[in-house]
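This is the structure I have questions about; it appears just below.
Every chain is named by a letter (A, B, C, D and E) in the order it is written, and numbering of its residues begins at 1.
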Amino acid sequence: MELLIFYPIAGLCVALALGVILNTSPVGSAMCLIGMMLGLAGIFVLQQAHFIAVLQIIIYAGAIMVLFMFVIMLLNLKQTASADWISRDKNLFITILTSALAVGILYKIVDIIFMADLDSPAELPDTFGTVATVGESLFTDFVLPFEVASLLLLAAMIGAVVLAKPKLD
Amino acid sequence: MFEGTVPLAHYLTLSAVLFVIGIAGVLVRRNVIVVFMSIEIMLNAVNISLIAFDHYLNLSNGQIFSFMVMCVAAAEVSVGLAIIIALHRNKPTVNLDEFNLLKW
Amino acid sequence: MEPILAPKSIDLIALAPVLVLSVFAMGVLVLDLWAGKNKTLIMFVSLVGLLMTAISAFAKNPIPAFAFTDSYIVDHLSIFFTCIFTLSSAMAILLSSDYNEREEIKVGEYYALILLCTVGMIVLASSTDMIMIFLGIEIVSICLYVLAGFKRDDPVSNEAALKYFLLGAFATGFLLYGMTLVYGSTGSTNLFKIAEFVKTQGAQSNPLLLMGIVLLIIGLGFKVAAVPFHMWAPDVYQGSPTPVTAFMSVGPKAAAFAAFFRVFAETIPEMAPAWEMLLCSVAVLSMFVGNLGAIMQTNIKRMLAFSSISHAGYLLIAVIAKSSLAGSGLLFYMLTYTFTTFGAFGIIILLGRKGQENLEIENYSGLAYKHPILAISMTVFLLSLGGLPPFAGFVAKFYLFSAAMEEGFVALVIIAVLNSAISFYYYLKVVVFMYMKEPAGEFQISLAPMTLFVIIIGIIGTIDLGIFPDSIIALTNIP
Amino acid sequence: MFLTFVTFLPIFGAFFLAFLPKENEGAIKQTALAVAAADFLLSLLLWTNFDDSSHRMQFEYNISWIESWGINYHIGIDGISLLLYVMTTFLTMICVIASWDVKKHIREYMMAMLALSTGMLGVFISLDLFMFYVFWEFQLVPMYIIVGVWGGPRRVYAAVKFFIYTAVGSLLMLVAIIWIYFHIKETTGVATADILFITDHLSAPLDIQKWLWLAFFLAFAIKVPMFPFHTWLPDAHVEAPTAGSVILAGVLLKMGTYGFLRFNLPFFPQASYDFMPFIAWLSIIGIVYGALVSMVQEDLKKLVAYSSVSHLGFVMLGIFALNEYGIQGALIQNINHGISTGALFLLVGVIYDRRHTRLIKEFGGLSKQMPIYAVCFMIVALSSIGLPGMNGFVGEFLVLLGIFQVNGLWAACATSGVILAACYILWMFQRVMFLELKNPENMKLKDMNVRELITIVPLLILIFWIGLYPKPFMKTFDASVNHLVSRVSPDNFRPKQDHGAGGHHASLITKRELAKLNQKLKKTSHN
Amino acid sequence: MLLKLTCLVPLFPLLGSIINGFFGLRIGKNAVGIIAAGSMGLSFLTSVLVYLGYLMLPEGQHAYEQVVWSWFGAGDFHVDFGFQVDPLTLVMMFVVTGVGFIIHVYAIGYMHEEYSFYRFFAYFNLFASAMLLLVMGNNFLLMFIGWEGVGCCSYFLIGYYFEKKSACDAGTKAFIVNRVGDFAFLLAVMYIFNIFGSIDFTTVMHAAPEKLIYAGEAVTIITLLLFVGATGKSAQIPLYTWLPDAMEGPTPVSALIHAATMVTAGVYMVVRCSALFNLAPMTMMVVAGIGAATAIMAATIGMTQFDIKRVLAYSTVSQIGYMFLACGVGAYTAAIFHLVTHAFFKACLFLGSGSVIHGIHGEQDMRKMGGLKNYMPVTYWTFLVSTLAIAGIPPLSGFFSKDEVLYHALMDGNIIFWGMGISAALLTAFYMFRLVFMTFHGESRVDPQVHPHESPKVMTMPLVILAGLATGGGILGIPLFHGWHILHNWLEPVLHFDLANALHHSEHMLHEAGRHAPSWAHLLDPAEHNIWLEIFLMVFSACVAITGIAAAYIFYIKRPDLPEKFTKGQWGFELVKNKYGVDELYDSTFVQPTVEGSKLLWKECDAKAIDGTVVGTAKTIGWLSKQAQAFQSGFVRNYALFIAVGFISLLLIMF
């Protein structure tokens, strides 16, 4: 069952990811990215990380991608797409080389992954991945990161405001 | 026929594939937004590994981690997009190759 | 539904510096609403905050103390680093106050961001959990992305921010991936647990762990601008507002080195055979590329950027040597580096004015005859960076090289000293222009008091640490 | 404490100068001169209180400096450093006078000069490796500034070359110093960089000794400079202002030879022994090569610079004769070279000031126009070629005598330098001083003025004093050299029965052995 | 008591030199002259007193040493600034101070027109002082001070007319050629110290028989080196070339330095070290051979020169050759004897030539002289007397000294040496009379605008005195009656050498080394003094001299056209006239290659190879820097690419 679900979703995700980087239009890329993120949420569910799956959808697909779309619209990027890589022939060679490099890296990583002898997974309790479990450890063992993350968001907020404000006083 | 679980290695492989696609995106694209999206792909790819390891080890650290990653991603996106907007104000383009004042 | 238990170990005393500084950061933010155009008050509040942070760093006693389920540590390293961070941030703020006035950056958030960034550095230096380290790095990075682009109307500053941001995020991906793999192969994000796992399970040859280490080197190497992950540094240093450049070449770098040292030297020294080679090559490359790159530069900020790349190379030696002596050396080096770098940037700021920053080395022609004291100060800073006695840089290098030598890295030390020799060339180039060329134009220097103050601190620190380093060396000694 | 005072007096003088108004040049010069002269007189006081009969360090002062590392502020003087110390203060004084007419930035010039003096003095008194290194590198800066700011047209090139070339060498020495520091810590349990302690306790295996030796060698050989590390010297000398050249030749180069005596020999006696032929040949090449190249120079200063290479070759040869004659000769030759070459540079400076050229072909017949100058020049030139009765001879002869004890062939090769010295100096002298006064520019030249005479006359007196009665100078280092020689004697590290065996020993002939060998030779001659 | 005055002997001229040098311009020419000559006179008088003091030494003591101060030393090496007075020194002292004084007086007249009169006398006095140091020093190094000192003064004096290029060149050449000899001398001194542990003459000469093996390698090398030193100073083959050029100096200089004193220093040194030379038969052969060869070669060149002073210069070289011939055959007394008489007559000849040159306003070419005997009678007669002396006409001094040399060459040497010597004697008589005839006899070829005149008294008086000495000097060593040889008896203590004892020691040392000593018994046979042979030789050489004179008479008085006829187109003559091309040979084999080679060394080796490496390293670094810059392209994707490449490289390193 897991197999049946995993491989199609995995394939889809990879395809969508490729779609992101191969699409000429930024809006198309964004769409593909949303799709990929939703697919990943499925994979998280498959791994019983329900909480994270939900967050994935809410934060990523919901918030972050909306922000992307917003900016794309704001900047009205359609016109500039033609200047992108596909229209430039002279960079084709470099692109191929880069792709070769990427494939090389991939090959190496996968090679290493399969080098590791991984035991079969542990027996999972039912509570694995639930909001309660994750929340508990988030507010006990990982309370500090949780708090620090708030500082991070604060900093990001200030920064975004400072930079994006149309006019500084 | 489709019994059994997906081995960890396959999750990791998926993660790796997406990660490398992200890298490739950064390397070949010139549109700032798309490059940025590629980076998001990379972060997402890592999340797969994190969850897979959690699943495999029966721990929750990975989930916390991925939660933090999402936080960070959100923060980065907000700042990053703000930068892009600020940039666009001075130079209405998103082609990375045109940001080439600083070199050598 | 059972209630969530209170966290097992919440030790706010240990966390005091972070708390104090966060409060001040937010306070500054709020204060800014009423402060109006003049940011002097905000600056002073920030300075007070930093001072109190430095004091509160010593609140925890005895050390080492662990808090938050061993994810936070107060030890010698973290306290000393906290002091360095507060010092560097204070100096950055001092530099900024005049600079911002000149460049008409009248934004109170600027100070808040520096303070928040400092918080991130403290977190980074004190964390013993990879999640915390990750967050610390991200706080620092995000603040810096913004700070780098703070001159919003300046395309160069914009570009610097964009480049830094894109590459930083890219590198974050690697760092994250590395942490993930380390976590996956050791079963914990906590450094102590990882250390224990490595020690007891003998995971030295676990390929995932090894790849994780490689990725960690990339992530952290990016933050310290080590070759080949250094490419952002010259551009960003050049493009950023000068005080920010000074700031980011000291504080965040120190923080990243703290993390580097914690992760590599303290957590997985057993795996040294695996990562030693990598770090050695990165260190050697950094030294060479940094120094070679600096030689041809005509822009002084860019030159100092390359120089900081080479310094990253020297500092990596401390990580490679991984003894406690090396840790002490790292501390001492960072401290001297703080003084000298801020001093040098202080002079660079002083020489510029609105619309004409005078960043080309040619602009320094004949400085010695118009402003001999400034020229002498600059000479002292540059020579100290080069590692010439009797300035602090020499003692620091001696310290580091000694540590490496004690561990038997003779070849590395030889390469490092040869690189020092190369580095003299470009440091001297500035001296040549200052002393041995005729003035090209007029210097219109307004001796801004805060900047001068920083320069004076820099001079005192550089010379005092060079001639009477004993007290500080005693402080740096990691027990 | 007194020694500390004397050493740091100049740099405090420099600080003081910084507060004098720039415009008041007279006061600046007088203050500088007063400081330099006071320092010289005080250093003479050191000399008079120096006990010749002891090889020990005197005026020692030892307090902790960097306690955590066991590094001390340890200073002291023994016979080997005393004269160099006094010569440094002496030449500084001379140089201040010689720089009286510097036009540009006189205050900064004097400050650099005084700072340089402290740096050099520090090198000679440091008894802690760390401290030694600090001074060793520190004095580069003022010298660099002096050459770079007040030098000739290619001053920047020369200054940078000087700085970096010397820095490269000394940095490797730093590596060796650190190594020794840890080695001592490991073997004796004492963390210290004290030179005396290290001298007594350093015992590195031979192969490591050799590496360390080479590291020190490089630093000092560049400084000396030995062939083939000499190419910075002509550039630096040519471009440096007169006083800079004098100091450079008179003191800075001596730091190299001093280093050999203070470190290479006592630290690594065995390596020194093994490297003896290597050094000897390098020195001999230096002597001959320096002389030959000097002969065809067109620039007066360059000629003198190359002659320095030749002269310093003698010094090095003497040091590595590893016997009393050689080392004493080398030490006195050190002083001689400082005096003679210093005087030569001063004299070249005199005509450079008047004509702003140093090309030999621009001159000719000067002795008609400037008779006093010609006489001074003649005396100095003859001293430089080692005419007996003048200072150069005493040193050269002892050096040659020393090396003759070791190997007659080396001595013969080195002695040929005596001939070549006469060639280049006399030929130069002839072209500058003799022949017809043709160049109209030279016809209005004025003879030396009183100030110039004041700078040169003390050196002339020393030339004859050392030449005729060097005892007061030589007895200062007698005891120290004896001690040093006994330390590097091969008996210390080679078992006695080893003597005479092994190919290496064939080249090391003591006097007693020579008598035996004489007989052996005799046998063969009758076959 | 009187011996305590020893140190004053060289001091007076030194003081004179210093006074003249510093104040010469102010005190006027007369005072300068008086001080200069006076200091020499005082020095001479002191020498006399020292001599008296020496005579008062107790029986059996032959030398007096006076250490003035300890010069320098290191370890067990030690050298004093000390003087010694022994018979040999006394002879030399008298020659130097006596002849020196006379020439000083002469020079007052000769140099009177010179502007830098004072300079001349400062150098001149300094020279005398150095020469005295040379002969009075009690050790090798002190001798070396004098040795170099005289060379140095000679350099100054040759280059006295420093505006003339030829004079400067000649001076430099003299100095450098001398230095070549000094080089060997120094090595010899070092070798001596190596063996004896001392360089004092007394110690070394006394210990020589015990420490050195007869004909051993060490002593051979030492003596050869010493001899090379001597050839430099005494202008022998192969280092004689500087002396003829040295005639660029004023004539009194030539007389004092390049005839009477300095050039004989080599002979003095060999005699001084006779104890060493006696042990080295091979060196002795070399010394004699070189001496004889030089004598004959210089004589041949002398026959072909037209410059009056050059002829005399070659004559000097030739005569010193005689002295070395004498040394080489062990006849040290004869060498010294000839040295002394040569000092007299050659000084007289030079001064005479100076008088001639003075009289015809600086002309030196003999082809532009002739018939001068009427204009300058005193000069002529004194010159003639000295010429007869040098030619070996009895009973003038030269006759006795030269015959003694020839006699010993035959008796102690071999017939070849004698043959060479006697041929040289023939040539001497010929070219000296050629000189006299061309200068004083025959038609006057003087430039009609010049009116030859006799020199003033101050110049002619010295001529007369010297001519007198040249005439009567032979009395020092009339050989016919054994035991009457004053000089021989006088020098006996210095030259006494017990060959038997030396051989005994050598045998002993060889024995200890386990070697058989060769048979040296034949060496111990005493050579008998064959008075009839000597008388025969005397008569024979007198005849030879007369033959030479007669030939000269025929060639230059009777048939002045003959020389032209004989020499025209003869390549041999051209060769000799060009001094056998030795100067050119040296120039092309030593001087040019050295200069050219040095230029090459400088331009190619130093500037390109060595400095090129240094600068090249710097340039390479600069080039690398440029390359490194190229990577910094400013494109974000390139930077990212670097990270990716770094990633894969690290992975590849790791795995």
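Going forward, a contact is a pair of C-beta atoms (placed from the backbone, for glycine too) under 8 Å apart; a residue touches a chain by one contact, two chains touch by 3 or more.
These numbers come from a predicted model, not from an experiment.
Colleague: Quick check on the contact network: minimum steps from chain C to chain E?
Modeller: 1
Colleague: On the document's contact criterion, could you list the chains that touch chain A and likewise touch chain D?
Modeller: The common neighbours are C, E.
Colleague: Taking each chain's centre as the mean of its C-alpha atoms, give the chain farthest from chain C.
Modeller: If we average the C-alpha coordinates per chain, E ends up farthest from chain C.
Colleague: Based on mean C-alpha positions, I'd like to know which chain lies farthest from chain A.
Modeller: E
Colleague: Counting C-beta pairs in contact, which chain pair has more, A-B or D-E?
Modeller: Of A-B and D-E, more C-beta pairs in contact link A-B.
Colleague: I'd like the most central chain, judged by C-alpha centroids against the all-protein C-alpha centroid.
Modeller: Chain D is the most central one.
Colleague: Measuring from the mean C-alpha position of chain B to the mean C-alpha position of chain C, what distance in angstrom results?
Modeller: 26
Colleague: Between chain C and chain D, what's the gap in Å when you average each chain's C-alpha atoms?
Modeller: Centres of chain C and chain D (C-alpha means) sit 44 Å apart.
Colleague: Where the CA atoms of chain A average out and where those of chain E average out, how many Å apart are those spots?
Modeller: For chain A versus chain E, the centre distance works out to 102 Å.
Colleague: Quick check: how many Å separate the C-alpha centres of chain A and chain C?
Modeller: 30
Colleague: Could you list which residues of chain B touch at least two other chains?
Modeller: Answer for chain B, listing residues that touch two or more other chains: 12, 19, 22-23, 26-30, 35-36, 52, 56-57, 61, 64, 68, 72, 75-76, 79, 82-84, 86, 89, 96, 99-103.
Colleague: Touching two or more other chains, which residues of chain A qualify?
Modeller: Correct list: 98, 101-102, 105, 109, 112-113, 116, 142, 145, 149, 152, 155-156, 159, 161-163.
Colleague: Among the residues of chain C, which are close enough to touch at least two other chains?
Modeller: Expected reply: 131, 135, 138, 142, 145-146, 149, 152, 161-163, 166, 170, 207, 210-211, 234-235, 425.
Colleague: Let me make sure I understand the interfaces: which chain pairs count as touching?
Modeller: Listed by label, chains in contact pair as A-B, A-C, A-E, B-C, B-E, C-D, C-E, D-E.
Colleague: In the complex, go through chain A and note every residue touching chain B.
Modeller: Residue list for chain A touching chain B: 1-4, 6, 10, 13-14, 17-18, 20-21, 23, 26, 29-30, 33, 36-37, 40, 43-44, 46-49, 51-52, 55-56, 59-60, 63-64, 67-68, 70-72, 74-75, 77, 80-81, 83-85, 95, 98-99, 101-103, 105-106, 109-110, 113-114, 116, 118, 121-125, 128-129, 133-134, 137-138, 142, 145, 149, 152-153, 155-157, 159-164, 166.
Colleague: Which residues of chain D touch chain C in the complex?
Modeller: Those residues of chain D that touch chain C are 64-69, 105, 108, 130, 133-135, 137-138, 140-141, 144-145, 148-149, 155-156, 159-160, 163-164, 167-168, 171-172, 174-175, 178-179, 181-182.
Colleague: Which positions of chain C touch chain D when the two form their complex?
Modeller: Of all residues in chain C, those touching chain D are 368-369, 372, 379, 383, 388-390, 394-395, 398, 401-402, 405-406, 410, 413-414, 417-418, 420-421, 424-425, 428, 431-432, 435-436, 469-470, 473-474, 477.
Colleague: Would you pull the chain B residues touching chain E in the complex into a rising list?
Modeller: Residues 23, 26-30, 35, 96-97, 99-104.
Colleague: Of all residues in chain A, which touch chain E in the complex?
Modeller: Residues in contact with chain E: 98, 101-102, 104-105, 108-109, 112.
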